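Here the chain labels run A, B, C, D, E, F, G and H in written order, and each chain numbers its own residues starting at 1.
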Amino acid sequence: LRTGIPEAVFAEGKDDAELLKIIKSSSNNGIIVTRLTNKRYQQMEEGINQVLTPNMAIEYNQKARILVIRTQEVKKIGKIGLITAGTSDIPVAEETRIVAEESGCEVLKSYDVGVAGIHRLFSQIRLMLDADVEVIVVVAGMEGALPSVVAGLVDVPVVGVPTSVGYGVGEGGFTALYAMLQSCAPGIAVVNIDNGFGAAIFASKIIKSRKRS
Amino acid sequence: LRTGIPEAVFAEGKDDAELLKIIKSSSNNGIIVTRLTNKRYQQMEEGINQVLTPNMAIEYNQKARILVIRTQEVKKIGKIGLITAGTSDIPVAEETRIVAEESGCEVLKSYDVGVAGIHRLFSQIRLMLDADVEVIVVVAGMEGALPSVVAGLVDVPVVGVPTSVGYGVGEGGFTALYAMLQSCAPGIAVVNIDNGFGAAIFASKIIKSRKRS
Amino acid sequence: LRTGIPEAVFAEGKDDAELLKIIKSSSNNGIIVTRLTNKRYQQMEEGINQVLTPNMAIEYNQKARILVIRTQEVKKIGKIGLITAGTSDIPVAEETRIVAEESGCEVLKSYDVGVAGIHRLFSQIRLMLDADVEVIVVVAGMEGALPSVVAGLVDVPVVGVPTSVGYGVGEGGFTALYAMLQSCAPGIAVVNIDNGFGAAIFASKIIKSRKRS
Amino acid sequence: LRTGIPEAVFAEGKDDAELLKIIKSSSNNGIIVTRLTNKRYQQMEEGINQVLTPNMAIEYNQKARILVIRTQEVKKIGKIGLITAGTSDIPVAEETRIVAEESGCEVLKSYDVGVAGIHRLFSQIRLMLDADVEVIVVVAGMEGALPSVVAGLVDVPVVGVPTSVGYGVGEGGFTALYAMLQSCAPGIAVVNIDNGFGAAIFASKIIKSRKRS
Amino acid sequence: LRTGIPEAVFAEGKDDAELLKIIKSSSNNGIIVTRLTNKRYQQMEEGINQVLTPNMAIEYNQKARILVIRTQEVKKIGKIGLITAGTSDIPVAEETRIVAEESGCEVLKSYDVGVAGIHRLFSQIRLMLDADVEVIVVVAGMEGALPSVVAGLVDVPVVGVPTSVGYGVGEGGFTALYAMLQSCAPGIAVVNIDNGFGAAIFASKIIKSRKRS
Amino acid sequence: LRTGIPEAVFAEGKDDAELLKIIKSSSNNGIIVTRLTNKRYQQMEEGINQVLTPNMAIEYNQKARILVIRTQEVKKIGKIGLITAGTSDIPVAEETRIVAEESGCEVLKSYDVGVAGIHRLFSQIRLMLDADVEVIVVVAGMEGALPSVVAGLVDVPVVGVPTSVGYGVGEGGFTALYAMLQSCAPGIAVVNIDNGFGAAIFASKIIKSRKRS
Amino acid sequence: LRTGIPEAVFAEGKDDAELLKIIKSSSNNGIIVTRLTNKRYQQMEEGINQVLTPNMAIEYNQKARILVIRTQEVKKIGKIGLITAGTSDIPVAEETRIVAEESGCEVLKSYDVGVAGIHRLFSQIRLMLDADVEVIVVVAGMEGALPSVVAGLVDVPVVGVPTSVGYGVGEGGFTALYAMLQSCAPGIAVVNIDNGFGAAIFASKIIKSRKRS
Amino acid sequence: LRTGIPEAVFAEGKDDAELLKIIKSSSNNGIIVTRLTNKRYQQMEEGINQVLTPNMAIEYNQKARILVIRTQEVKKIGKIGLITAGTSDIPVAEETRIVAEESGCEVLKSYDVGVAGIHRLFSQIRLMLDADVEVIVVVAGMEGALPSVVAGLVDVPVVGVPTSVGYGVGEGGFTALYAMLQSCAPGIAVVNIDNGFGAAIFASKIIKSRKRS
């Protein structure tokens, strides 16, 4: 069983040849390709299959725009919670989910539980705490209020992921980012806008750090 | 009994002579001087007293930095709710309270009920709704999440007042402003950062508009 | 007759499957789909028709990019005024009109009456006031001066809707937004850039709030 | 009689010694020192008097923060209009007035005629046009709507001077600047925020340009 | 012969039907349609021809993206200079040229004379001054230094038109705009980024203002 | 022995009376007052002493601007590392140290080890890892590169604290904040600019979360 | 052998006719066309070939988007180092490489050696210093930390080229630009975002400046 | 004779004790303290004298806000040119001059030669080139056009130093910075706003780099 964070490559800004070369030279632990659109994946699928070795299994997730090339099972290391405010935040959250799972985390997810239906939020968080998640990742765009509310309800650390969902003053995700950074509920740390990948790595480092001691 | 919105003057950016001249020429309905610091009021007190006529009563509020010069009682026209997220938002809220009262509103206030102690917030809002407030003004700095939460709980219109309380990315109040504008709970409209005055005028216009029909 | 604000869903950022699922599970009061482009509506039309139940009537407005799925007539609750500065602000205003009407408001509209032809503006506002509108929604891009002018002429509350119409320093609508927030005519509150939906909900809450008392 | 634009020096960012040296070496046409606070003028008064030659007359204006050192009368070359929206815009307007007068312009001024009292504005503009002003300088902070309104009423060119009067989103004067640049009434050109000096020079160049042909 | 500024309509943000309706109802003086791309003009050409009356002549300029519908010759009122820093600024300058000509200005143009070849600039400006231009319009993107240099060389007023030519920190044209506003050479006023239209109207108002007196 | 995060109050934006009232009503676990300048502490010292009860010990740290009012010893729960890039980052780091210690963390600190002396940085990090810290807090202003470098060297999660140390483009701390968010080394999460307090709470939540399972 | 910096033209913002005209009139030293996309080059290839004279050799580089039209060999004048942090920075670096080579520089390049694999970076820099490069150009996007690290290791001047590689807060390249400007390692100067061309010219001027003395 | 760049410490953000400690532990090459205001220097003078050793000479420059503690003469390594646009840019330029001289550069300075008096600029640059300067540092605020003009006239590399001199849109120095980065004259690289120190170090590295080969 493999342990540890997988190698990853960011597809945007690289041309197909560069991407194939990186995949080909990836280590025995496999590799994760993020921000790979479905259209591009279709185009490259044949090329990718040619550079794969027999021990590699391949899995593409269109919503999360992620391609996972896996060589061995991953050892489970602990649990994280994963929440989105809206439906539109799901692609970013799915990036978190897949990367966290490839890093060995069991992910308890609950999507589209924004502050509107606050009672549904309460019960979902209860389930996560009962399952002993060690960190909760909260993905939200618009006014980015959800991490503040969650952090006011739990003792585990909360990792906020602002998304670029929104328009007008919310375009680009800065409102959500700033709101999370400026939260009056302490115990929140934040990653870059739409950085579902980074949140997953950070969350799994929290869990790994615990396992070590 | 007087009805209607009182004349008002913004003290910043005017020198003492200009201010005194405006006060002197104010109408029979009296005048409200906003953004008048305590220090400045002390300096001008004597001069102001000299331009007052016998029918004028004077009241200075240091926290709200407001001077009210009143000539007659104001007729009550209806009720508004007034909420602040934190202690630091109180000066802006007090500006709202005094201006709204001078416009004939009865103000039910509840200060420092941010999202942290959400149950206290619930009971305060209950009290306001039971008293039939027709609009709730919510004053908040930092991440500005409170109006979203309130608007999710009530049917009356919510007027958000972002404050410049905060530091780092929150400095200047833009995070709070943008969060309120971008709220996923509809039914919120917003005034300028720290504009307690404008929120009071807007809220009393809502009530006056009703009285007319 | 139905009363109350209809359920609404924001189409951008959701894929077709998600949208259909939401429409299907919408309540008996029907649902409004906003920001649904004509092209996308054409693609989804068949799918939408399949999930409709017999009691549902469907109406799509291309200019406003809104799809209304209605189950019963809406009860009229009061009147609002609706003004745009230019021709380019009409799509946002139409979003306001449709959502306000679905919320029970009678909408007196007057489009393309910017500050240039100020006398035409005067007469339009006179008509609205004579008809006893309780709030006026003013939609404007560019330098966003119109709400200031209107608020200087009327006693009813004015809701400003900045639009992203403009270029150079006006691109994105921030100039219009800031001008409205910074208006020297008090009695204006503002919603997000291009948020015709939010203005409609806020305006109808003002009217509903009156009906209650 | 002197004609032509006077030499000018910007006092901020220069120490007293540098300023005195520049004044001393100024040409026979005299010199204008802008942005010289009253406090600083008091400190430097003695020093300045010592470097003056007998043919120089000195005039300090505290509101405009300008020191004029004049050697001869200025020849009148034409008329400009000068309008401010509020009381707080007066210091910037006074900078314009003094520099324009030193450049030979007759200045018809009308202060504090913002969009609120629009009929007073109408009559003031009428007076200016009847007096054959060739350009109107409009000084305004806050939402900066006044130049748009004026430009909609007159045929002469309008020069907008945004001021840093305002708070919240209006702080620093960018809202006023952008609103003027983005005006839907064509025929406006704009100078830097608080740049009363530049507006005066530009306006007098318009008039001088005419005299030449 | 016609005198006076022609009616104009901004094509962006209006759909074809709206545009045709405006053209149809345009006055006897004809109309100018700005920001009409070539592609769109081709699509609308037939429709436009149908709404034209026999006395109307039509002229489309692809570079300037302008359609002129003219009913009578324009009377010449005076001369303006028109300069661009680079080749990429030409489309904006051509918008200025056509609108200024339709307003009765004779335009002396000199394109692509940026600060690099400063001696060519000198001789071009000499030609313009010798021809008695009354105002010079300078169109520049990138660092926007050209108006400062020109204003240091001439006595006539200079109107700066920043363009959105540039990349990195120059993207959108703000660097050019701010540089012009902040110029240490006085006598420059500025219009919005890419606003060739506004510069033309402003320049012709300067000339018309002269003619009146 | 007390466990758990102490109550805390942010002194800025509250007047002395409000602060004393909050201290007085603080729970049996004591209270931490942050952002209390030395000058203000001196003024309030007497008043604070009067509201203290006998079981309370008081400790003021001038560098960190923190007042700790403690009622019982804190139980140690684990270790964190704490690094600053420069000398000027120390006040923010000291805020982290004191709050983390009051939350039960043992803090291994290493100040002024910026990227310049990279070998000293290596040895300090070695010491921390050997001591089994579970999280490293990195405080840095200017270009904010240190967290990236540290995250490239360790497996434990890194919490970045940008500081407002810097000038020019670095003023306000946004460069440091954005650099940390944008880090190409994954495994970093970030708190608000100068928010030493928030980093401490977040880090101790990581450790507490471990203790629970 | 030719010496000196070649003439260059920026293709964006010019239409094909303008570009061909410039190429045709280029001097005997040849010309470099930058920012010429492959697609556009294909379209123009025939036209370009027609305007070429027999002594001209043509070379197009797709990655760098550069077309070189050369008339004679370039004389070698010295060596520069060229480093990129990531794969996505290569197009900008290739622009630097080609322009520097056309200016007579020998370029020692080392791509994709970001701070992650710091030992590989060390050895690459060693090679460059051993080869006596006189300046090192460092191209980096994201958090832009690489120039700081390099400048801490070498005595030669470092020229930073921020790239627009990144997303969220890093979008547009401002984070990288500001980080380089704000570097705590002195000895770095910076060019515009994505300005590989400017870095090449600047670096070759450094070398030429040496040759002269 | 000493060669090489001196140790330097940035006084802002460090308290007096920290500063003294750093000075005390400075190496045998002496130390430069930058951003030390006159007022602060007076306060610390006694303390500094006490930590000095007999071989140390001390020199304080008030305009540049720099304290130089020197232990040995510096060996001359080459010449640089140093130009400011205005009088207000002199403090930043003096920081450059002193640090460059302490690094072994001979500095040919020419202050207050902005684009206005372009002929004086020409003759000053001629003098510098005749003296064989190897790099020219140009310090400018406001619209920052001077480096572009200089770079168009010389073959040596130009280092631009934007200053925070200016107001309105120029406040903070960003206009000058962006204009320099965006210059259409290639061969300019830029340091942070007001960073006279960095420009000096960079310029002397250019010269040192030459000496090495």
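We adopt the following convention: a residue touches a chain if its C-beta (ideal position, glycine included) is under 8 Å from a C-beta of that chain, and two chains touch if they have at least 3 such contacts.
In this text the structure is predicted, and so the values were computed from the model without any measurement.
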item	value
Pair of chains joined by more contacts [C-beta pairs], C-D or B-D	C-D
Geometric centre distance via CA averages, subunit E-subunit D, whole Å	27
Gap in Å, rounded to a whole number, between the CA centres of subunit H and subunit F	36
Averaged-CA centre spacing for the pair subunit F and subunit D, given as whole angstrom	51
For subunit A, residues that touch 2 or more chains besides their own	86, 168-170, 174, 177, 181-182, 192-193, 195
Those chain pairs that satisfy the touch definition	A-B, A-C, A-F, A-G, B-C, B-D, B-F, C-D, C-E, D-E, D-H, E-G, E-H, F-G, F-H, G-H
In the complex, subunit B residues that touch subunit D	10, 12-14, 18, 22, 162, 164, 172-174, 177, 192-195
Touch list for subunit D against partner subunit C, complex	85-86, 114-116, 118, 142-145, 148-149, 152, 166, 168-170, 174-175, 177-185
Residues of subunit A that touch subunit C when the two form their complex	86-88, 165, 167-171
Of all residues in subunit F, those that touch subunit A in their complex	5, 8, 78, 132, 134-135, 155-157, 159, 177, 181-182, 186-193, 195, 197-199, 201-202, 205-206, 208-210, 212-213
